[in-house]
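Each remark here refers to the structure printed beneath this line.
Order of writing sets the labels: A, B, C, D, E and F. Residues in every chain begin at 1.
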Amino acid sequence: MKKVEAIIKPFKLDEVKDALNEAGIAGLTVSEVKGYGRQKGHVELYRGAEYEVAFVPKVKIEMVVSDNMLARVVSVIEETAKTGKIGDGKIFVSTVDEVIRIRTGERGETAV
Amino acid sequence: MDQLNMGDTAWVLVSTALVMFMTPGLALFYGGMVRKKNVLSTIMQSFIILGVVSVQWALFGYSLSFAPDAGGGLIGGLDFLGLANVGMEPDPNYAATIPHLAFMIFQMMFAVITPALITGAFAERFKFKTFLVFTLLWCTVVYDPIAHWVWGPGGWIREMGALDFAGGTVVHISSGIAALAAALVVGKRRNYLKEPMFPHNITMTVIGASILWFGWFGFNAGSALAANGLAASAFVTTHLAAAAAAVSWTLVEWMYHKKPTVLGAASGAVAGLVAITPGAGFVTPMSSIIIGLIGGVLCFIAVNLKPKLGYDDSLDVVGVHFVGGTFGALATGLFATTMVNSAGADGLFYGNAALLGKQAVAVGVTMVYSFVVSIVILKVLDLVMGLRVEKDDELRGLDQTQHGESGYIFD
Amino acid sequence: MDQLNMGDTAWVLVSTALVMFMTPGLALFYGGMVRKKNVLSTIMQSFIILGVVSVQWALFGYSLSFAPDAGGGLIGGLDFLGLANVGMEPDPNYAATIPHLAFMIFQMMFAVITPALITGAFAERFKFKTFLVFTLLWCTVVYDPIAHWVWGPGGWIREMGALDFAGGTVVHISSGIAALAAALVVGKRRNYLKEPMFPHNITMTVIGASILWFGWFGFNAGSALAANGLAASAFVTTHLAAAAAAVSWTLVEWMYHKKPTVLGAASGAVAGLVAITPGAGFVTPMSSIIIGLIGGVLCFIAVNLKPKLGYDDSLDVVGVHFVGGTFGALATGLFATTMVNSAGADGLFYGNAALLGKQAVAVGVTMVYSFVVSIVILKVLDLVMGLRVEKDDELRGLDQTQHGESGYIFD
Amino acid sequence: MDQLNMGDTAWVLVSTALVMFMTPGLALFYGGMVRKKNVLSTIMQSFIILGVVSVQWALFGYSLSFAPDAGGGLIGGLDFLGLANVGMEPDPNYAATIPHLAFMIFQMMFAVITPALITGAFAERFKFKTFLVFTLLWCTVVYDPIAHWVWGPGGWIREMGALDFAGGTVVHISSGIAALAAALVVGKRRNYLKEPMFPHNITMTVIGASILWFGWFGFNAGSALAANGLAASAFVTTHLAAAAAAVSWTLVEWMYHKKPTVLGAASGAVAGLVAITPGAGFVTPMSSIIIGLIGGVLCFIAVNLKPKLGYDDSLDVVGVHFVGGTFGALATGLFATTMVNSAGADGLFYGNAALLGKQAVAVGVTMVYSFVVSIVILKVLDLVMGLRVEKDDELRGLDQTQHGESGYIFD
Amino acid sequence: MKKVEAIIKPFKLDEVKDALNEAGIAGLTVSEVKGYGRQKGHVELYRGAEYEVAFVPKVKIEMVVSDNMLARVVSVIEETAKTGKIGDGKIFVSTVDEVIRIRTGERGETAV
Amino acid sequence: MKKVEAIIKPFKLDEVKDALNEAGIAGLTVSEVKGYGRQKGHVELYRGAEYEVAFVPKVKIEMVVSDNMLARVVSVIEETAKTGKIGDGKIFVSTVDEVIRIRTGERGETAV
């Protein structure tokens, strides 16, 4: 099983979630994060001085998927999260050893 | 003549309640502007002043300010110690148609908010214990005498003929310059100008500014001490100056910084209220619009110069109260007219240059006295008990480290 | 007769302060209902109106509304331009026992809050610059004339004998229908009805509603322009209508939607206050309970029909102010009785059908006039400077993109 | 004698508005102290009481409390049902110089806030529907009779000669002891004393406390029912007691718990306001400082003993209102002096031990009556409709589960 | 070493933390997240229209444990976080290459 | 490619970010978390009772780096995040299978 983490622009969340849902994803987990990357933060003027606000608000989607869903999921995210403008974000894929559904105790692919 | 008037009494009591409400309003105005980790400590400073200074005033502060002169027009005597001789009957030396107690407590609220104004200068780094001692000392040796000079029976500035309708010198200049003293002696916040120290809750600041505006009707129009035409006139000038300054600050900021901010509009309103305070009962409504427009712009400039001047007056007490108060006191010397208030005087624009001179003297002396004495008090307290919290406490925030609390627990 | 009364003056000045406080109250009421990213922009619209319209009113708005009629009962003359001839003495044409300036500034606060009410309709998408121009134009060509018709000396609706104690037509119908015009011309928020746009801070909305309720005592009971039995009566009807409507909205919502919401209770209170405004000084306390109960239910229905009607009036100005105000104006035609106010008239339930007709005419004309002129202004401004912010700005939120600020920085 | 006085009327109407504002203030004071998931449900309880009890009062509550005695000094008759016979003219049995309607609505606000005070005891777990029924019953069978005893014409406690200037027994003791009853019958919150249940928003609590303080000027000084020397005196004692108690609570907390908290300062202020309420118009300013100092310390102790006593009075209604109110009522028996109020009596310290006895009787009877009847009502309601929400609902929070809303949506 | 990530119901956090503590866990890190899965969000009515609130508040516990603690930790979470009702959450296990304690510079199992 | 996760003290964030930036890191993602470990929370007194506040506010920095940057990044964090006092936090290193830049579709090291 694979874990897919995607850092995306916050206003794209609903669209990405809907697309993943259609693609047959069973579940996902979202958190609010702040990003730092090529997309620079902005300069704010406050009481006569300038300050750099380095971080940009982003949303992180995490989901564990079976290996055969991986390609599908990645391409869905790529398509829907893309605006073409800097700061669109990243997708990270890594390997998960085990998945357990707490409610039922199911393990492995069926637990995803 | 010393017949109680119910209408006047109702008005002054309401005004007192309004001015009392300004101090919590100030707590919010300031509280919203600090970082989240310091919101409670900032609010606390204003809130506890409402407790401490009220008691000080009843015990001896009122006497020092308003009891018959103890000599030279410099300080009041002890006749009113513990509110002795301050009763339910009017005392025509203070206000002929309202209970003397009403006059006393109306004045109390001014004594309360003045030291609270100063706290904006040293927000986010001052030791709570030292702050309490500072406040008590400052009220006793700075505020009480200055109030006596300007408003007390026999006070020398009053005798000289300078005008201060509702506290331009007594409240705003005295606190504004003490704020500068404090910013200089206490020193900058760690990482000042390095890391952003944005207001954590501008909605709170707007609520505070709105309460201040609301309460200021009591502050200025209540200073007529009667529900008459003068009160209405002062009410109008107060409102128009606030309105005009909110607009002028916003516009000048929009031009120079590209965006009109809500903090700017709120700061502008307060700047206008400060600027009109000394002249509220002496100038016409049209003059008050001009005073507001200029006051908003001047304070905007002052606030934006601060980083260049190099002191860290956290919440811009100097830029708003000192600059706005000084401008307002001098503007009174320009725009005052006896057509508005026959008990006042004409200003330069009405053919009397002398008033401007007197205003300048009142401003100058207040400024120097408050600045020097404030510096002395702070230097002494720094030696005796220390002014600043520990470095780590400052980084973690004063709410947790000084008060053991968090402003918000949202998770 | 034109003898200043201190009690009346105290009451009107306090009422003025209370009505002034309503505009920041409205800022919070609305600010809590938008999404977090737009809280400051929403607050700003009300706050800056307090600046801009106050100055407009002093310069020429008051004259257009209240100066002696310029002809035909349609508009005031220029006698009061720059507050000329508006002094500290009572003017019996306006109020016989209080300073003319007090009457003027009391009226100013009504002129301020009316355009602020409209802002709820186009919240979360309107350009700040266009909004300022719209507000100035709207006040000048819609509010000022209507105020003259209804309350001005010689105004034609007043002459006709329609009743509007504290602004049902002038304030609520005129702004409520302008809100509909704005919602239609400006268009819906992006993703309206697709994604949830829940209130981001209902506690703020409750604070706002409470301040509105508090201030409305000045609005309605202050409209007696004296501290007399009529003021007390209007105070009572105002409070009871608000109370009854808070209850009725909550109950009907509970029945139909399963849960009684806090937003519902707050909205209901405001609906009741709107509904009683035109009749506050003409109906009995028991009638005011009935008006409140019905007003709460009607506005609940109107607000819940909105999605079916297809326009996006973001914060339900139409459902509350237009519907509530219209109901209230007509209810005045039913419940008014000269037993409460001999200067008023009897309504249908007291045997006089004519009043209802006059009320209907006043409602109808105000509605058509405000709607048509508002549409014209908006269409022209859309061509000249554009009404809406850019799509991306709307998505990111107006606080950042229009004002360069964040409401809260909590991390 | 029964000549309307505009000044007095203005003052009582303003005071009424101020007391009305206290209930939303209380909503915030309490709302900030609960956990985030219950903020709206807590605010709602106070807010909807403003609706429900206002209507109850107009329909029959006022009559039960204030109509001419129905027999034995125990309850008012039905003469004022639906506000019959309550008009714009003064009725010298109540207040000789203001409209009877003004007196009625001033009293209404007391009837509103009293049950709202109780809600703090059962916050975070009470069923909304049961709460509404409880409130209506409690007002009718507890508040209305007690108000009659103490303030009604012919009320037995009043006849006996016990003093209660602004509601020490009627408001604070009656609600404080009912809070104890509620805490006992309803039972503790799940995980009480196991998991921390810290205030989620102390800034909101401070805003609430500040509004309470502001409004309390209407509560106490308004109880003079005239804008005279007595009103000024009560204003002063009210403020000084609040100030002194804010200071004393903060200091004693600092000594015993190492840190002076903002919640402590706010709680102290409220404790002082409670403590001075019964004696506000009977004691001197210096006595009020002493009452405040002691009141702050006593309430601090009471609140801190709570965990040892084993009941879960969520927001310390018992520790503040019952303890503070009882202390204040007895202190009135000590400090009252006819030099302040010739219509009052001398207390023990002025040579008259009898008053203390009468105060004790008033306290004792009020306490027993309210406690017993409250227990009975709650036990019956528990059987009939249940007092507590489901376990899961309590864990998820009442905002979502009872009202379908969230206080804040910040992401 | 293994990383265990558990998405659980927020009100279970204290219980789970206490149980893990007793089981000898040295440290863990918690964050607030929003979940999307079989447990559907809810429909909210607002001003006459219905909206689907897709996400459910959840809490994520992350902890890195030595291999021999793994089974223990997983079963403790399974037991304490379980309510049997839908939405109880998931446990994901993956492999960690290295752990470093910043304060001491310790690495590997001793740093956990 | 490696994923580096560092749990650090919040007030160190700016310093660490600046140092990583200088070390040539292209991007990172930050989230607010609460930690539980040797550094105990604190006891708070509230209304006469004592409560243990178990969790301490921390910040989590996540970044994916190419293998040859790993050592550099870890040592930079170690140095700048260290105060020597308990609670300085941990660094976890794990392996990432794939990285995708959403904007361009780039994959692998160039996408980091």
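The rule is short, and it goes like this: a residue touches a chain if its C-beta (ideal position, glycine included) is under 8 Å from a C-beta of that chain, and two chains touch if they have at least 3 such contacts.
Being a predicted model, the structure only gives us computed values, none of them experimental.
S.K.: Taking D-F as the reference interface, which entry in A-C, D-E or C-E shares over half of its contact pairs by residue number?
M.R.: Going through A-C, D-E or C-E one by one, only C-E repeats the D-F interface.
S.K.: How big is the gap, in whole Å, between where the Cα atoms of chain B centre and where those of chain D centre?
M.R.: The computed centroid separation for chain B versus chain D comes out at 33 Å.
S.K.: So, what's the distance in Å between the C-alpha centres of chain F and chain A?
M.R.: The separation of the two C-alpha centroids amounts to 18 Å.
S.K.: Per the centroid of Cα atoms for each chain, what is the distance between chain B and chain E, given in Å?
M.R.: So the centre of chain B lies 52 Å away from the centre of chain E.
S.K.: Would you please write down the residue numbers of chain A that are in contact with two or more other chains?
M.R.: Residues 14, 31-32, 44-45, 94-95.
S.K.: Got the chain D residues that touch at least 2 other chains?
M.R.: Only 5-8, 10-11, 14, 195, 198, 201, 207, 227, 257, 404, 408, 410 qualify.
S.K.: Let me know each pair of chains that touch one another.
M.R.: All touching pairs, sorted by chain label, are A-B, A-C, A-E, A-F, B-C, B-D, B-F, C-D, C-E, D-E, D-F, E-F.
S.K.: For chain B, which residues are in contact with chain C within the complex?
M.R.: Touching chain C from chain B are residues 5-8, 10-11, 14, 18, 35-36, 198-203, 206-207, 210, 213-214, 217-218, 221, 226-233, 235-236, 239-240, 242-247, 250, 257-263, 265-266, 268-269, 285-286, 289, 408, 410.
S.K.: Using the touch definition up top, name the residues of chain B that touch chain A in the complex.
M.R.: Touching chain A from chain B are residues 193, 195-198, 257, 303-308, 316.
S.K.: Using the touch definition from the top, list the residues of chain E that touch chain D in their complex.
M.R.: 11, 14, 44-45
S.K.: Sort out for me which residues of chain F touch chain D in the complex.
M.R.: It is residues 44-49, 51-53 of chain F that touch chain D.
S.K.: Quick one: which bits of chain F touch chain E in the complex? Just the residue numbers, please.
M.R.: 2, 6-8, 31-38, 54-55, 58, 60, 74, 77-78, 81-95
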